[in-house]
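Next come two complexes built around chain A: one with chain B, the other with chain C.
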Partner chain A sequence: MINFENVSCRVLKSISLNIPKGETVGLIGKSGAGKTTLIKLAGGLLAPESGRIFTLGKDPVENRNLYREKISVFIAGTPLLCRDDTVSQGFEIIRSVYGISKSDFAKRYEALSARLSFSKYGSEPVKNLSLGERMRAEIGAALIYEPELLILDEPNIGLDENAKFVLGQLLSERRGAGMTTLLSSHDMASVPKICSRIALLDKGELVFYGSTESLRSRYTPTNTMSLKIEGRLPDLEDLPLEKYSINGSAISLSYNSNHVTAAEILRTVLRQTAVSKVSIKKPDLEDLISKLRGSKNEFY
Partner chain B sequence: MSLRPYLAYAKKIFLNRSAYRFDNVMGIISTCLQFFIFWEIYKALYGTSTDIDGITMPMVTTNFILSMGLGAIFSPDDYFLPSKIWDGSIATEFLRPISFKGRMIAENVGNALFNLLFRFLPCLIIALFTVGVNAPASPAMLALFVLSAVLGFGVLWTISFAVQMTAFWLINIWSLITIKNVLINVLSGSMIPLWFMPRELTAILNFMPFSSVYFTPVQIYLGQLSFEEIMLKCGIQLAWIIVIYLLGDILWRKGQKKLIVQGG
Partner chain C sequence: MKDVLHLMSMYTKTTAKAWFQYRVDAVLKSLAVFLREATGIIVIWFTLMKFDNINGWNIYEMVFLFSLLFLTYGIMIIFFTGLRDFGNTVRSGSFDRFILRPRGLLFQIIFVNSDWFAALGHGGLGITLFLISAWKVGINWSLTNALYYIFTIAGGVLIQGAVFLTLATLNIFMLQTNSLKELLYWNMRKFAGYPISIFNKAIQIFMIYVMPFAFVNYFPAQFLLRKSDMSYSEIYMYLTPIVGTVMYLAAYLFWRFGIRFYKSSGN
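On to the complex of A and B.
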């Protein structure tokens, strides 16, 4: 869907990146890392200084008018809905611009406005809305014509937890229908939940690009498992654990997920004794990402 | 290309304008006030004489009513592009599958229609019952007046279009817009009828874009021009529309390129 070949532009330094169809890619990085620049390049709003970009197989700058119905770009801070219009007026304009039939559009509007809960201020001018209310309506506006490719810059700004959750839901539903999404965010906690892949930018360089799982196993392979044992304590000496401690009937152990899986550990334990409670804790991606960004040299 | 989105934009502007009733009433009052002030000044200047160089007071009155009335109809939004550059929404405009210029025209036409119905007509009726307006020279001249007025709107729009395009580089173009408006007001005959300008100046002004905005339609309405002259004048209007539009279009293309290289 999106292909970057050795692209340099402003802060970005020779970025190569391929986003396949149907993926939801989260772009994360500090302010000034080049997130918005990358988003604008992908959307054809900026021309690269060197390298080549293909969006939907074509140069996005040259072919801007050829596939506008297929792409939706929303950049936080630049409104999709006109300030003076009411919310429903703004959507009506979008309807006529994208040539969607009235009945189809009404169905989509009803569903989106209920889920992103902006139906109650449909007749309110956009300029009277609060930031969160406006963002919900704008996200609805970006989604309503059902693009093949959705590019969102900082869609989480001003959204409460519930709205973030709904956004994640909407994106995964659309992903099921074949939509590709590229979104950037500061919000480390929600991005891994929403996205299937993470692209991590640091000072204009792409320091990581891959699935959230591979990010996890590559940089924080250590998981911890807590077990509550019923009966005799098991012998764990044969397992390649990093460490374990026993406290009464409770065992707490940590292991490298690249060397041993949770299933193998459990199989060994269950062969020897009964277990009443198991919990596995994976490291927070949020912690990991801030660690990655904070001390890049540790990893590269 | 479907016309529907453009009609939607025109309709939207029309409806948005009707929401501000107070502003509309004040708009009618301000247009009338402007007219009566100029009318009083010229009445005092005329004193007891019936005509000056063959120009009678009713002709002057008609000139003011028509040019100010047309001025009230033609009010292109000079900040259409600049405001979109200021808030960055120009970027999202580029991504819409419709023509930005087409949308600009559509919104201005919607606005002009609103002004025609709710500003020009009320003012015309007030003027008819107070000072009186000359009847058009003939029905044919009335039709040609409308044609020429539409072309005049085209000239005014392209001037506004070209001036707005400079906002890609200058960002804040309030001063340029003000200069443009002063030039139009003074040189188009809506403040000083061009009959009273020095002969040498009129010869130049006749070929300038400004006079073709208001003064050409007024002259046609009053029956001052022969058919050949009307064709020439309308030709001049058309020529200016093409020239200024092409100029503005070059700026528009370069401006887009600049935005894509340097970012919005």
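On to the complex of A and C.
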């Protein structure tokens, strides 16, 4: 559905990427990594400085207006609904632009607005909505004409856990109907849950592209825990820890979260002694990137 | 076709709603535009009380000349507000939204926004000036003259629309053309209120061949009024609709060319 051949543009450095039909690809990276640039290139809003791009088999810049009803692009800076329109007016314009019959559209609107819960503020002007409310309506607007390809830039911003869950559900249902999705996010925690593939961008380079499982298995998540002990020091030899060090009454240890959970460690410690302070640090995107960069060649 | 019309009415309805959300404010704003522009006319009125005429043009003839300028602008801005504000549209990213939709770009730009205050202010002033002068300048409003007048107005709208479209296209390359618009359009428009015969040759040439305001009001007014200061061939009086059409087509081709170079602005 989307094909990048050696594409360079702004921060992006010779990106090659192929997104097959029916995949849900999560584009992850820190801000400035080139996520939005890649999204804009795929959507035909930017032309590459070098390399070639095919979206649905065609150059998206040359064919800008020819197949727009098959693609839906939502970029945070470019809302689909006008600020001054009410939500339902905005949707009515979309209906009219994409030439969808009234009865079909009403059905879809009802379903989407109920699930993304924006039906109750349908008659509010978009500018009066909160960020989260607006995002839910925007996601509805991006989905309502049932595109073959959905491109979402940072759809998670402003969404609460429930809305994120609904978004994931909607995407997987549409995936079943053959829709391909490319969505970007800096949210490492929730995106892999709703995506079948992950593309990881760092400083304009694609440092990882593959299935979510392969990312997980390649990358062993090491958490670190710091404990402050009251009383005698516990014996930690029975726990499958990667390493630990004791410094006075402070213990710091690291463990693989696939092998042992924080609760198990704490239970063992508490059985033996009292603890006054616990803190756990999970690896973040930065650690993941540096880890992947360190062993980059393995993934190509 | 039917859904195009529906979409047009949708867009018009929502823009009108947005502009007239606060009714008192809308009336006052239109009035403000009206009065701002009328001040210039009043100054000329007082000047002519002292001097009697400008190069043979009396006060009513001057008012008629002005009325063409305001009426064409008032009509033009209903359709071309989106082009007037195109720089903002590009910078705010709204243009990306137009690109992402399966409709003609120019269609969307034209129908998504209309500055009704400017339209009412300028158009209202144009109509007022027309009503003040039309029956005092000795025009015989025969069918021929009336038809000529309508075609002239259409031509004047197209000429100014073409200028806005060209400046909008330049926006794609330069991202900011407000000062160019100020220089080329608004400054020349100040001259255009007067018969071009009072200016030196360089300005006359500029107003005929570069920023052809002369075709918006001077030459048409000459056709209807036949003043003695006309130093150009009579053919110029008939060219307004042609100049308008040709300029608009050229501007449209330039737009089609320029749009291929559009790059979304960063965020």
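The definition used in the following text is that the second predicted complex is superposed on the first by the 220 of 300 C-alpha atoms of A that agree within 3 Å, B and C clash if a C-alpha of one lies under 4 Å from a C-alpha of the other, contacts with A are read in each partner's own complex, and residues count from 1 in each chain.
Just so we're on the same page, a contact is a pair of C-beta atoms (placed from the backbone, for glycine too) under 8 Å apart; a residue touches a chain by one contact, two chains touch by 3 or more.
Just so it is clear, the model here is predicted, and its values are computed rather than measured.
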Please determine, from the superposition on chain A, whether chain B and chain C clash or fit. clash
Of the partners chain B and chain C, which touch A:84 in the superposed model: first, second, both, neither? both
Contact-wise, after the overlay, does A:175 reach chain B, chain C, both or neither (first, second, both, neither)? neither
Touching A:136 in the superposition: chain B (first), chain C (second), both, neither? neither
Under the stated touch criterion, which partner chain does A:35 make contact with: chain B (first), chain C (second), both, or neither? neither
Given the touch rule stated above, what does A:73 touch, chain B (first), chain C (second), both, or neither? both
In chain A, both chain B and chain C touch residues 10, 40, 43-47, 61, 64-65, 68-69, 71, 73, 75, 77-80, 84-85, 89, 92-93, 96-99
Partner chain A, residues of chain C touching it in the complex: 3, 6-7, 10-11, 14, 17-18, 21, 93-94, 96-97, 99-105, 112, 260, 263-264, 266-267
State the interface residues of chain A toward chain C in the complex, per the touch definition above. 10, 36, 40, 43-47, 61, 64-65, 67-69, 71, 73, 75-80, 82, 84-85, 89, 92-93, 96-99
Per the touch rule, the chain B residues reaching chain A in their complex are 2, 4-5, 7-9, 12, 16, 87-89, 91-92, 94-98, 259-261, 263-264
Which of the residues in chain A end up touching chain B in this complex? 10, 37, 40, 43-47, 61, 64-65, 68-69, 71, 73-75, 77-80, 84-85, 89, 92-93, 96-99
